[in-house]
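The letters A, B, C and D name the chains in turn, as written, and every chain counts its residues from 1.
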Amino acid sequence: MSPTRQSSKTNTGMDAATLASLYQEVRQTSERICKTLVTEDYMLQAMPDVSPTRWHLAHVSWFFETFLLKPYLPGYQPLNPQYEYLFNSYYNLVGPQYYRPHRGLLSRPTVAEVYEYRAHVDRSMLALFESVKPEEIEERVSIGLNHEQQHQELILTDIKYNLSINPLRPAFHDGEIPVGDSTPPLRWHSFDGGIVSIGHDDNSFAFDNETPRHETLLHPHRIASRLVTNGEFLEFMEDSGYERPDLWLSAGWGTAQEQEWSAPLYWERLDGAWWSQTLSGMRPVDVYGPVTHVSYFEADAYARWAGKRLPTEDEWEHAAAPEPVEGNFLESGIFHPVPATGDGSHLDQVFGDVWEWTQSAYLAYPGYKTLDGALGEYNGKFMMNQMVLRGGSCVTPVSHIRPTYRNFSQPKDRWQFMGFRLAEDA
Amino acid sequence: MSPTRQSSKTNTGMDAATLASLYQEVRQTSERICKTLVTEDYMLQAMPDVSPTRWHLAHVSWFFETFLLKPYLPGYQPLNPQYEYLFNSYYNLVGPQYYRPHRGLLSRPTVAEVYEYRAHVDRSMLALFESVKPEEIEERVSIGLNHEQQHQELILTDIKYNLSINPLRPAFHDGEIPVGDSTPPLRWHSFDGGIVSIGHDDNSFAFDNETPRHETLLHPHRIASRLVTNGEFLEFMEDSGYERPDLWLSAGWGTAQEQEWSAPLYWERLDGAWWSQTLSGMRPVDVYGPVTHVSYFEADAYARWAGKRLPTEDEWEHAAAPEPVEGNFLESGIFHPVPATGDGSHLDQVFGDVWEWTQSAYLAYPGYKTLDGALGEYNGKFMMNQMVLRGGSCVTPVSHIRPTYRNFSQPKDRWQFMGFRLAEDA
Amino acid sequence: MSPTRQSSKTNTGMDAATLASLYQEVRQTSERICKTLVTEDYMLQAMPDVSPTRWHLAHVSWFFETFLLKPYLPGYQPLNPQYEYLFNSYYNLVGPQYYRPHRGLLSRPTVAEVYEYRAHVDRSMLALFESVKPEEIEERVSIGLNHEQQHQELILTDIKYNLSINPLRPAFHDGEIPVGDSTPPLRWHSFDGGIVSIGHDDNSFAFDNETPRHETLLHPHRIASRLVTNGEFLEFMEDSGYERPDLWLSAGWGTAQEQEWSAPLYWERLDGAWWSQTLSGMRPVDVYGPVTHVSYFEADAYARWAGKRLPTEDEWEHAAAPEPVEGNFLESGIFHPVPATGDGSHLDQVFGDVWEWTQSAYLAYPGYKTLDGALGEYNGKFMMNQMVLRGGSCVTPVSHIRPTYRNFSQPKDRWQFMGFRLAEDA
Amino acid sequence: MSPTRQSSKTNTGMDAATLASLYQEVRQTSERICKTLVTEDYMLQAMPDVSPTRWHLAHVSWFFETFLLKPYLPGYQPLNPQYEYLFNSYYNLVGPQYYRPHRGLLSRPTVAEVYEYRAHVDRSMLALFESVKPEEIEERVSIGLNHEQQHQELILTDIKYNLSINPLRPAFHDGEIPVGDSTPPLRWHSFDGGIVSIGHDDNSFAFDNETPRHETLLHPHRIASRLVTNGEFLEFMEDSGYERPDLWLSAGWGTAQEQEWSAPLYWERLDGAWWSQTLSGMRPVDVYGPVTHVSYFEADAYARWAGKRLPTEDEWEHAAAPEPVEGNFLESGIFHPVPATGDGSHLDQVFGDVWEWTQSAYLAYPGYKTLDGALGEYNGKFMMNQMVLRGGSCVTPVSHIRPTYRNFSQPKDRWQFMGFRLAEDA
């Protein structure tokens, strides 16, 4: 009954060459997803929550420089000492940080110089792999690579937002987005109550916030076999969902009024039909595809309207644990959620497509301990006023996700690929 | 294992005369605690979170008018139809509301007219008690009386804030505040893990957010026998507690910097000593008394500094359930927390003195259902971005509190009598 | 051709008894105009630009205390040393000031205590008149009395605004407001160009900003015999005056959009008719009366629409100089502008009714010198981003006004009794 | 004595080839001054008052497209119809405008596309010169070219600001800045009072705000032979000039406190010495050079401290009229003001170096009429809450300036090359 207190240490016994190969693969992916961008696009920061692409590409390099090269590679010379300040995101124990909402106001280092910075860090990292025993650094390298994967997702979600405010409606790329032809079947899957174990506990990589694995008590409940669709969400809209305060949390209603919400983010009404901005440009809203770019407040209001609720993160993880980590991820190149394909007999869309809002506040697991030093600032200090999302999205790398993975966001946030599935008490 | 789904219905079989007597007692208490105020004091709203005394006195009457007199008393005539708009707090299903931050900008109805409004409602309520079967209205009357008790507490906490910004430092009253003469002993009480039941489930009054009673899983832990004292909190301050970002949640650090926190609210450094504003005027900080007017962020930072944590609300309730509901409440007339008196052999200061921050987000219990209609807006819609506080304070009426009582506040809030006790994993 | 450089010194040879009598008359007027207020009304500050009545009554007393009693009355004891801070408006050379937008957040000193403060200052002033030669203090007493008269006007304009935001629409008093029965005749009066003298230059009282008297060059022009009426302004409104950016200054258009102006301040459309809040309560807009509570931006837009312009302050003063200082002032007790009564053969409504916007920026006259010391902060430091208004209003004391009097306000301001007459080039 | 009412019409009888040649020269200059920029620099908008370089380059082309190509060139096809919206600055009569503070949030059209837009407009303009009689379009072409010259200055002042907030302190170019070796001599030049004529009145180009030429009355005064230097301004700073409210206008003091001014914009204290950011990078402040990047408030406070005043715009123009239009302009390539070189026997630095603040509000001349249509929005609608500056700066094209030229800015503005010379009453 007592939770596992000890945070698991990543050590899979990987050799140096494998580590280097993994490193290069992740680093190259970051650059590959930027290949349709012009220099000007790298500069954009259309709201404080998003960052310019050039900043993302530099910051993830800063991370390796700060947590691996400086402490572990003797004689390492930073390319520019001021980058420590410019590309630190929020690590107070490392030092002060350039003002976040102003990241888009810098033209130097240029995009080319940022790529040079990446190359400099890459050369140094390869030297590091050859000079240090892999077990000494595997944990930190894993954090660095998973960190970069998080920013791969952010590069895509942020550029989507950044391009969206341009009246010319530029597309990020010209990829196709599969559409559905009928409403996917929906079934309810029942789960008993009882004590179950939740959280990560082997020596593979996981973030500290997924630990320790611990026991928790579930109550009997049912979970929907798939995500809520655009078509279903349109019914909520047509039933005055955005005009009825009784369906909303008080803070949600306030936000919706203040920001004048009447549809998910990126939706536009054109000539009597709903369209949505996508990374492939303007597309008609696919009524068979999962609704996305909705806040917790909208997901919660929809659930109340539907007479259901959102699952807790414990319920979600318990249900997801046996499912294969497969789905529509970054690797598909679609960069947009697609309709469910299952017949409802098992849980569909658990991984990929959209992050799923849960009704759980993002708080520490019993016995949670942060990492020592500045890396302890990675997750723990954000455990307030955020809700947990699970399962990854269409712009998450598949190797980045697992059933225990805890994402989190403020309940008002919409610019990530956020959606939801319903649950109910049994 | 399944939670009790049905919200309990208050019905203690009280007769009409008892109900009327209870009503009058609560209503008189509201007026009695205002007796030291001058007319001008009733007007103050020094920040949007607080309300003018005149508004509180009118709003609680509006509550009886709206939820009892209009639906249950045939022929009831409101004193002024516009009061429905002026004194509605946040009930969207009742109608629109006067803009909350501007409550202090109204001089009419005057204070005397507000007291007339109270008298009008009181006369009508007494007529109601004589004309309706008590069991038909006991639930709503109980809600109304408990609601008024909540505002009794708010009248005192709000007037404390309102007077505090006046450079003349006016006192609310001239009451004495007992001080300590030594640090009260501190012992740690151990609790096993296991499944326990939490929440309200009999037919006595409780708010809907305390229901349904349900099972939850505790992990082994220890809880401190008393509240953290001012003296202990001073050690945190002297150890640079307010200057070390590694001790703080990110949102807490941001708030502390922005609002320039360096001590609890109401503390002032005068001639090298710490003083605090109290409802009895400026007093030296009593190092033996419990620290109060600290935010969740400060409580959490202190706990991290001390190598401990805050209890969860489940842990707190489980520990508090066997304790008698006794302590320093509104009835003492002190209106300030006082030093612990116990020897540490049992839990002290569980009820009264200060509301205790827990590490639990304020969310719905499994199976929670709001009341029907506008009364459903009472609690449920605030379940977001708030933390649970337990146990009542020195300005809570004793009859208002119980072990299952869930108070809640934003983690940045400080103007209520908020403090904390520590816990740790066993 | 050279301007008179020396600021005139007020010294009319008044004896002590006359000075004391004048003093008492002005002081009593301030209290008399408050007689319809209840205690609560004295507290209101509905926007930062206005002040609570209790503050006005205290501040004008502070002025006598600061500039006369402390320097001239040996042994003078302030009633409360903190009032120096609480009731200083903007005199940096006297000391720091309580934050202006928070004047409405203080309940102490109470209204009764403010009246005691006034009595304390009055007793001391009478002692001063008996102990100092009148010529030593006449200048400062005159400033103090004119200062208090300015605040008499502000008490009335500010309480009008403060009561206006109350949905109960309370009236300040129950006075009658005369209405017209036909559009007053309008004629244009021609003035030649040439060098004329402008400004104050005898030993009677005037503010420093009216000096020195100096030569200025006028160009030939015509001035309207009366103020623009509500009826005329309605034609502008009906001709889409508030929707056509080409009629507006850029800053005016921005302000009008941001504040959603579509009519003068205090106007409301009720059942198809225009009503206006007045100090006597809600009244139908009198189409024959002068338009008031319009900003410079609205006056300027109207003039552009009408193919005319506003007069310069030099043109206004030159035209007004020969006219008698008569009209609808505070003494009438109407507290609202009334229709012109003349036949257009001479300039009507020059004094009283409404302050008239001119097209002149409020800047120093050639050779202007401020008074020495803190009194030098009275006028000079406000000479930026304000426009000049002339002629006094329906809430200006008649003894306070003269042809050379320069009032000033920001071009966006509307809460004073502001109106305008037209001019054109000849 | 009567002013010239008729706005002069630009018509110098220029032939088409000359017009085309002038056009090309101005257009090429705009591109030439951008040659040291990288693509990223073109994107920056570090505060709402400045615009990205890419916007400037597009907007000036939009101007020719809107006011010449669309009305005068039959069959003209815009490159992209949405540019009308994206690159309209403030012409409400043309149509709505993209939100100004968000100009920096657009990456498309790209910089290369903006240059294509320029080429498209240039080709069309050359076609226009061949198809329309020059006298039909000379006035509008002249406005367009002078407009583009204004934006050449803005490109340089805006990029200076935009680069300045980058902690890497990038330089715009590597040009040399001449420094002085002694304080230039200062002499006072006397001018009689009397009626003089001010304003533009021949058929050469001038903006409408310089007309009509009209008579005005000067009072006897003296004007300094040169600008105030950095060394002199440092004396003001060392005499607590930024800490003494009695030296400042009220609005200036408020702004200085709020924005924490303690030196001119771009000054930094490094190792005990004052440095300044320049378009050539960080340079020591040259005590012999003219102070620049000071607001009206600072110029006015300095003048009060020095016992002097600023000249009026009439005094300035009267003194400047006989002086040759020579000095340190954009063409010098220095892009920074330089020390005065004269011996004080005549007025030095009248043109070029820095715009000189005058004590005159920017208002219409007597008889001023705006141009018809949307071009009437060019100047007139900004005549509120701005002060006049005269004489051009080190980044003004020499062919753009003349004695009658009226520039204007808000009194708080500092990012233009703003300085001042002193005057006094005779």
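By our rule, a residue touches a chain if its C-beta (ideal position, glycine included) is under 8 Å from a C-beta of that chain, and two chains touch if they have at least 3 such contacts.
Not measured: the values here are computed from a predicted model.
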Item to check | Steps needed, at fewest, to go from chain A to chain C via touching chains | outcome: 2
Checklist entry - How many angstrom between the C-alpha centroids of chain B and chain A? => result 37
Checklist outcome for this item: Per the C-alpha means, the centres of chain B and chain C lie apart by a whole-Å value of 48
Checklist outcome for this item: The distance between the C-alpha centres of chain B and chain D, rounded to whole Å, is 60
Item to check | Junction residues of chain A - those touching two or more other chains | outcome: none
Checklist entry - Touch graph across the chains, line, ring, star, complete or other? => result ring
Checklist entry - Mind pulling up the chain D residues that touch chain A in the complex? => result 38-46, 54, 80, 82, 85-86, 98, 102, 104-111, 162-163, 165-168, 170
Checklist outcome for this item: In the complex, the residues of chain C that touch chain D are 1-3, 5, 90, 92-93, 193-195, 214-217, 219-220, 245-246, 248-253, 359-361, 363-364, 366-367, 376-377, 381-385, 411, 425
